[in-house]
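Quick one: the structure is below, questions incoming.
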Amino acid sequence: MMKRIAVFTSGGDAPGMNACIRAVVRTAVYHGIEVYGIMRGYSGMVKGEFVKLDSASVSNTIQKGGTILKSARSQSFQTREGRQLAFDQLVNHGIDGLVAIGGNGTFTGATLFEQEFGIPIVGAPGTIDNDLYGTDYTIGYDTAVNTALEAIDKIRDTADSHDRCFFVEVMGRDSGYIAIPCAIGGGAEIVMIPETQLSTEAVIETLRSGRNRSKTSFLVVIAEGDEEGNAHEVARQVKAAIPQLDTRVTVIGHIQRGGAPSAADRMLASQIGIAAVEGLMNGMHNVMAGIVDRKLVYTPFADTIHKRKLINQSFMRMVEILNA
Amino acid sequence: MMKRIAVFTSGGDAPGMNACIRAVVRTAVYHGIEVYGIMRGYSGMVKGEFVKLDSASVSNTIQKGGTILKSARSQSFQTREGRQLAFDQLVNHGIDGLVAIGGNGTFTGATLFEQEFGIPIVGAPGTIDNDLYGTDYTIGYDTAVNTALEAIDKIRDTADSHDRCFFVEVMGRDSGYIAIPCAIGGGAEIVMIPETQLSTEAVIETLRSGRNRSKTSFLVVIAEGDEEGNAHEVARQVKAAIPQLDTRVTVIGHIQRGGAPSAADRMLASQIGIAAVEGLMNGMHNVMAGIVDRKLVYTPFADTIHKRKLINQSFMRMVEILNA
Amino acid sequence: MMKRIAVFTSGGDAPGMNACIRAVVRTAVYHGIEVYGIMRGYSGMVKGEFVKLDSASVSNTIQKGGTILKSARSQSFQTREGRQLAFDQLVNHGIDGLVAIGGNGTFTGATLFEQEFGIPIVGAPGTIDNDLYGTDYTIGYDTAVNTALEAIDKIRDTADSHDRCFFVEVMGRDSGYIAIPCAIGGGAEIVMIPETQLSTEAVIETLRSGRNRSKTSFLVVIAEGDEEGNAHEVARQVKAAIPQLDTRVTVIGHIQRGGAPSAADRMLASQIGIAAVEGLMNGMHNVMAGIVDRKLVYTPFADTIHKRKLINQSFMRMVEILNA
Amino acid sequence: MMKRIAVFTSGGDAPGMNACIRAVVRTAVYHGIEVYGIMRGYSGMVKGEFVKLDSASVSNTIQKGGTILKSARSQSFQTREGRQLAFDQLVNHGIDGLVAIGGNGTFTGATLFEQEFGIPIVGAPGTIDNDLYGTDYTIGYDTAVNTALEAIDKIRDTADSHDRCFFVEVMGRDSGYIAIPCAIGGGAEIVMIPETQLSTEAVIETLRSGRNRSKTSFLVVIAEGDEEGNAHEVARQVKAAIPQLDTRVTVIGHIQRGGAPSAADRMLASQIGIAAVEGLMNGMHNVMAGIVDRKLVYTPFADTIHKRKLINQSFMRMVEILNA
């Protein structure tokens, strides 16, 4: 039986992490379980940066971006000695179980740690990238997309006013999850994502054909991980091919990680925070809590790490139909 | 085979209606179908307010609130004579099929109209209320919730600064779909929705008990349709029972209907707009296009009108756990 | 010479109060002066709710709405005995000077208090209403106007979609400072403010004439303090006179007090916070720091309380020209 | 006497340009003057892209970013032949006077054009940069600052969560007008602007000293025109000097030009639009309309072009006091 648990955030921060921490804390308190926060992820676990949390500790945090528990990389935790130190800290603080909020890097560490030391860990998918198997959406994804889309709406104003072609780079090193709704919702003519093989030549062709149909302004959304290289490089090649095109580049960047979480992210983070604690109470471990088709599911870390969540292929067709 | 279709919006306007109109138009054009917009819903259908639309007509509309086709009530369409006039207008304009964007009132009219005159109609769920069977979310719902939640975040600032109890009324005459995420996401202590029987006495009890635990500011979210009456009335009764409580009321009101649609609403509206046109092409009629568990489904109007989409009961428990 | 000062907020909260508190604290620290925060204004002063503040206490507060020092009414401070208690608390804490952030009520109390006990007080204009003589703008005003205007933009969407006449009530019991830019910036046809004598009859006349020119949607902005009564009452009379008009009312309400302060409010609050502390250091007292024509000025409390800051009459003409 | 005027936008687009166009049109109509819009600035003037405008043409544009009249460079207008063509177009359309919305490039062209052909021109300061003599604020500046500041608020979330040092580049090739309020309002530790000689060495020193005082996250705001080079270059040098610092760069970029104008920009644009038309009516020419110390002033183009509007030196001191 769980008497005391700890929660931490790890990897890139995501809007809604605080809402998830809050849900973990309040759920633990609700069930009479003590709860600690570990500062700076595995790094703070190794160093013993533990903070006792209660209901009041998380008051007024649900709307805050970032993570009040902070996040950091830990070289030490990647060694057996470091993980031993981390485990000793948990023992010293009487921790029975862990809630790990983060992405695949976080869960990979958790898997190894649980294997070696047997401490039960339940994960919560906290990353803006949405590329985690085992949940339809990750915490932070909806907010990041809305932030990027608001930026794109503003860029559209200036693109239209100047008859320009804008290349907008959004986050997503390995997937087009952020790029796709930005392109569809932003009315982009073209979207370049890691999952497809759209060549710069094809982009140039599409822009040429648009110009022939008298289109004067264009928006190309590019996921940062596209193999054709980043927005600056694509823009350079396009400009070389169509010199009359007035090209501009915007890299939306880190603002996608911040800001108050959207309603959907607050709901998701709250549901998953509750599920993580109640999962631990019910003997779950080595799993990530997620929501699939509006139902709560627990997926083994091994699957979240190794299985690929494929992007809906129909979305590419939507861009073709809608933004022609 | 469809050669020419028409699209209209009816009922209360909702953010994303323009994104849906745009998708209908672009999809029709993509498939070589002509498309007309009918102004002011059934009213304009009766009066013959038809406008030819092409791809350019809907440029730069995806991010716009409201509906470019406008919406209005029609007394005339409620009579057999009025509907005959409407049908004659459709015949005169050579319309083979209709896309009706709206809610249950819209679909009730559509059902009768199709019965009488046999014109194929596919519906799109455009309403902020989300209380439509046959789709997980309606177009406009996500935006309305985010708008209300942003307002609530602001109210929290002033509630906390003054140690006040705020009663915030959000939209939802028949359901708590908007109120629930506002309450959970806004950190409300109490939520009153039509689906539950929470009495004002129980509200008073909860507030008293909070004050005994030294809580100083409170947020009560109330759906406009709650049987206990609207926010002003509840606040009056609470104030009578706990005179020391510094109570305030805010009715968020019509701002929930406006504003640029969220990313999720733009995606949903686009998917459904495509599905509505392709549904008509495939012989669908008398059905509403919706997304259930991320899959496209067509639901008979009779079901969208008569079946109830129940609110997830676990959400009430979330308020209890998280906002204690 | 000042060795230790205290700062408090009083009256209705306003966005930017925290930015001002932060500036007071950081400026004091910069000059080697100790600084305390007094919770809940005069109420906390009487009760001795003093908190030591340093640079870190105000980290990450500049963007926060509300006031971290809270605000409250104090019956006790309105009595000579209460003020004696308050002064004793200041003496006990070794306070040499006070920064009072608030409006006219705050400064009236401060004037009396300084008269009786001789403690130097410098005021900062913290109120969304902007009706304070001695400063072009008050802290919170710019944010409140932007918040109201964003709401009005959303209402415009739905007004246009339904051919409606919206009556929107904004804050401003004694002045039209908030209503005027909302009306001009929101494209309102009519604005009703306390400073003018626009009768409901005249409003009805303007609406009638607009309808005769085929205008279909209207926006009437009403300051809450207009003598013609609030928005609901005006709407009722208009509806009685023009029954065909589809009227709706929205009272924007308390959301105008919350939210992250605008850039202009952060700048203003920061400038004034610095000026208040440096004013005290230079022997200023019984004055409010303000910015007039981009220059720092100190105005005697007596003037801020008794002199009227008149609204620019040309603004009424702007509504007439622009929104005809 | 003016019977027919034309309005155009030129140079980089700025939020509020549409509000200004709208004011020009409505004011002209109010005074019984006909008004044309010229598309794409001087380029459209040369080519004869003139559009008749009336009150309805500018309905629902006050809240729109960008410029409905578009903007473009014109090689042709830089030649005497091109300007002759432009003048012929004006004569052919019976234009008696021009309102030119833009910045110094626009006014330089206007000065020459008026010299050569004698057509009266009044300018409106439409540029986000605010570096125009003759007005306290330019149209678009307030919005651009708020947009950048909202982005910075989001970046603060992630900077704090990861204990990082962020270098944020905002617009302002020749001045720190945008950078200064972003730095003060965003709580930046350091601001680098063209007007000061802050060396990268000094930045490194400040960061080192902050680290010694246990500060863990930093924000450096850089105007794009700073002589030390852009944000990427500064970050590179800082990283080389303090390798332990976790540095990140964000270039806010073109989103600063878009978006709905703030309340202040709508007011300013409206005032100036009215003043430009009434200035022409009163025989003004070769001047820019501006607001200085809340009063309308007309400044000769020669002064707006050649005089420098100096940044308030006290602002640098504010950064030092507040963000230490």
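Order of writing sets the labels: A, B, C and D. Residues in every chain begin at 1.
FYI, contacts are C-beta pairs under 8 Å (C-beta built on N, C-alpha and C of every residue); 3 or more make two chains touch, one makes a residue touch a chain.
Just so we're on the same page, UniProt names per chain: A, B, C, D = ATP-dependent 6-phosphofructokinase.
Everything numeric here is computed off the predicted structure, so don't read it as measured data.
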Query - Centroid-based (C-alpha) most distant chain relative to chain C - result: A
**Report entry** Length of the line joining the C-alpha centres of chain A and chain B, rounded to whole Å
**Finding:** 29
Requested in this report: Just give me the whole-number Å value for how far the CA centre of chain A lies from that of chain D.
Outcome: 35
Query raised in the report: Cα centroid separation between chain B and chain D, in whole Å?
Result: 39
**Report entry** Touching two or more other chains - residue numbers and ranges from chain A
**Finding:** 153, 156, 160
Report task. Report the topology of the inter-chain touch graph, choosing from line, ring, star, complete and other. Result -> ring
Requested in this report: Enumerate the contact residues on chain A facing chain B in the complex.
Outcome: 19, 22-23, 26-27, 29-30, 55, 59-60, 62-63, 136, 142, 145-146, 149, 153, 156, 160, 181-182, 184-187, 260, 262-264, 266-267, 270-271, 274, 293-294, 312, 318, 321-324
Query raised in the report: Across the complex, what residues on chain A touch chain D?
Result: 9, 13, 15, 40, 64-67, 70-72, 147, 151, 153-158, 160-163, 166, 248-255, 257-259
